[in-house]
Amino acid sequence: MKALNYRLCRFALAATLFASLCVFPFLLPDYRVFQLTLVLIYAIAIIGLNLLTGDSGQVSLGHGAFVAIGAYVTAVMVSQDWANAYASLPIAALFSFLIGICMGFPALRLAGHYLALATYALALAVPQLLRFRGLEPWTGGVQGIVLSKLDPPWAIELFGRNLSADGWLYLVCLALLAAAMWLALNLVRGRVGRALLAIREHPAAATAMGVNLASLKTLVFGVSAAYTGLAGGLSALVVAFVSPDSFTVFLSITLLVGAVVGGLGSIWATLAGAVFVQFVPNLAESLSQSAPWAVYGVILIALMFFFPGGLAGFVTKLRQRRRAAGHALSFRQPDSTGDKDA
Amino acid sequence: MESLLYQLSTGVANGCIYASVALALVMIDLATHHINFAQGEMATMGTFTAWALLQAGMPYWMAFGLAVAISTAAGFAIQRVIIRPFEKAPVLNNVVVFVGLLVTLNALSGWIFGHTIKEFPSPFASSKWLGNKYLSAHSMGSLLVMLTMLLILFSFFRFTRLGLAMRAAASNPLSARYSGIRVSWMLALGWGFAAAIGSVAGMMVAPVLYLDPNMMSGVLLYAFAAALLGGIHNPWGAVVGGFIVGIMENILGAYVTGTELKLSVALVLIVSVLMFKPNGVFGKKIVSRV
Amino acid sequence: MNDLLVVKGLCAYYGASQVLFDVDVTVRGGEVTALLGANGAGKTTLLRAVCHAVKANGKMLLDGKDIGGCSTEKMAQLGVAHVPDDRGTFTDLSVNENLLLGAHTRSDRKAVASDVEKMFDRFPRLRERRHQQAGTLSGGEQQMVAIARALMLRPRLLLLDEPSFGLAPLVIADIFRILQSINREEKVAILLVEQNAKLALDISQQAYVLETGRIALFGPSQKVAEDESIRRSYLGH
């Protein structure tokens, strides 16, 4: 019974959180809503990266490329009038999925640093490809593509304010993030997730137990790319502009940082990671006008030293300590309110 | 025909640079099983240091030598202070640390030396007897410098006690310690060398690519392709790989894809090697099987 | 002869689990001391602990000097050579280079060069392979390389971990003959870990028997060889 209560509590908490998140567009100024929307988009991309890295242990320094691919697919489709904005999103995700599968295949042969470097190559190559004059009629070359912001399809009023374009996009992203999280959680907890965990922890044993490593790893790469591509498509709509310079290697680095800071393998923590990568660079800039990335780099190294498991790892450690303390107490007092497990 | 020879010889000259950086990558990888992502940034910083010394009025070769010395010391220090604490940490954490290092160095370069693109002088540009119809004076000079450096490195590792000790530390760290070799200092020294190699390469590349914080990112990519091609654990294979990549880059760039897609070429090269010859052309098995 | 290596109350750990419990071992200068025991008894751990390659505490004296806080690298400087159970060959390097590395801590380069030649005299099979990559040699040859490398140090104490492992009987006989001559001619003390008890007892003056991390029996080799339980468990009769 305690277990059920605990679960209901967590669900209620999540629902309340979600409801309050929905209300933000009516309470905050538009530029803040815009920033929060970017957090949501980062979170979707980071979930994608997390699925790849946290769960199947493959490192990618190239996920910015998938953001670029998704963003450009959306931008090109909308600007060329091949599809409307909403329809372009699943197409962006699908396209990214396919490219992800293509990368996943050679990636099978690499591990750790080598895979990281190969994906780094992807991250460096894609912006150059986007600048390529041969593709300019569609990609807009160096200039990029400008889109118009999406207006809300229905007029919604709350707290005396009409829903703005920024607000509408925020809600769209929030809904997609919630769906993405739900899907990812189910993937991670189900059979696929367990197989992925097996791969990460002990590849040889996993194979021996019949897990088809190759197809699973490739599939995960594809799904991971799809998530990130979706985030890219959303970013195109939200920022209403794409250009090759928006998708440099630093974007890939940012995503990786977000994943690691949140803590690998934890879907919830991706939100924390997304908040980190959206707001900490601003913080770094306020600390050092001239070299914000230097501060950023130092923060990264320090984080790895003090919190090697990221935020999620830190929370897990706290929980373990609390549990150990709780057990110690219940050992001494037989009638304590001990058992915190649920 | 002449232009083909020109492309070939320029490819060889460029290849020498990729070969050297590839060697640096493989050196660190052999010793520590980590790829140094910050290799490009370290090289750029060294080049910037040389630039600053030149701006201060120092004669070229003196600035060159001093910059190399400073880079060596910096590389050594970076390994002792930043990389060593994470020796036992998981791979991903190490990757993040390397990335943090990359980002920090890149930003520091920009902060200390400025982000504007700078000219970097070539000591060979005015030399009359170096230039010929197959190779610009600078390319020729750069080729000579890099070959000399490779020769020095080869001799060092092959014929000196310290070189042997470093190779031993990479080959079997525990046995090396049993033999009295201080392995952690060898690792730091390896980093120092890698930084020095990078700086020399950077100084040879800067007159052509112009100096800015992101100068070496393309070179690093090619160097990695070269290392992979030569078999990632084979230092001299990496050198040969560098020449192959340099020649291919130029030939393909001149006759097939145009200069705009050079990085994509590198990517395709890397992916192809991985798919068809994961051990590289001369390499030993390193690919993780499962 | 004096006590060269004195180990007292040694406790060693692999991570959190304790592997050696209060072990006392003494190796006398110029003597061969055998360390016997079944798999997993902790013999290799003991050798590693002497070289400070595993976490351990207890007292360790080399020639009367406390070596408790030394690093692994220092042990070579103190004249202790270790041939680990996997031989520890530098497989990427040539045989010649392997030998030179054994003498890394020595500064008398001319003597080192002549010692290399002496090693090839003692192990003639290696001479023709001197520039060959050590990893391509056969098991027996690699064992010779490992021993030669250790001897290049001109050690006072040679720690040998299972030199007979995986080798053909003729090769083993060869190697043990060489070990005996090293001990007699150069007065090198040897701490010999062996699963092949007969070989070890034949060549040694003292013997220790290790069982699950504790010394079960020790004494002059002849006495140990005659011991009832040893005969049954390790000598098969």
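In this document, chain identifiers A, B and C correspond to the written order of the chains, with residue numbering beginning at 1 in each.
Following the convention adopted for this analysis, contacts are C-beta pairs under 8 Å (C-beta built on N, C-alpha and C of every residue); 3 or more make two chains touch, one makes a residue touch a chain.
All of these numbers come straight from a predicted model, not from anything done at the bench.
K.L.:
In graph terms, with chains as vertices and touches as edges, which category applies: line, ring, star, complete, or other?
P.N.:
If you draw each chain as a dot and join those that touch, you get an open line.
K.L.:
What chain sits nearest the middle when you go by CA atom centres?
P.N.:
B
K.L.:
Using the average of all C-alpha atoms in each chain as its centre, how far is it in Å between chain A and chain B?
P.N.:
Between these chains, centre-to-centre, one finds 33 Å.
K.L.:
Chain A to chain C: how many Å between their CA centres?
P.N.:
Chain centres of chain A and chain C, defined by C-alpha means, are spaced 55 Å apart.
K.L.:
Distance from the CA centroid of chain B to that of chain C, rounded to the nearest Å?
P.N.:
Chain centroid spacing, chain B to chain C, equals 42 Å.
K.L.:
Among the residues of chain A, which are close enough to touch at least two other chains?
P.N.:
none
K.L.:
Please output the residues of chain C touching chain B within their complex, sorted ascending.
P.N.:
51, 53, 71-77, 81-82, 84, 88-93, 97, 100-102, 104-105, 149, 153
K.L.:
Quick one: in the complex, what on chain A touches chain B?
P.N.:
53, 57, 59, 61, 103, 105-106, 109-114, 116-118, 120-122, 124-125, 128-129, 131-133, 203-204, 206-207, 213, 249-250, 253, 256-257, 260, 264, 290-294, 296-301, 303-305, 308
K.L.:
In their complex, what parts of chain B are in touch with chain C?
P.N.:
161, 164-165, 167-168, 171-172, 174-183
K.L.:
Under the touch definition given earlier, write down the residues of chain B that touch chain A in their complex.
P.N.:
29, 33-35, 37, 82, 85-86, 89-97, 99-108, 110-111, 217-218, 221, 224-225, 228, 232, 260-264, 266-267, 270-271, 274-275, 278, 287-288, 290
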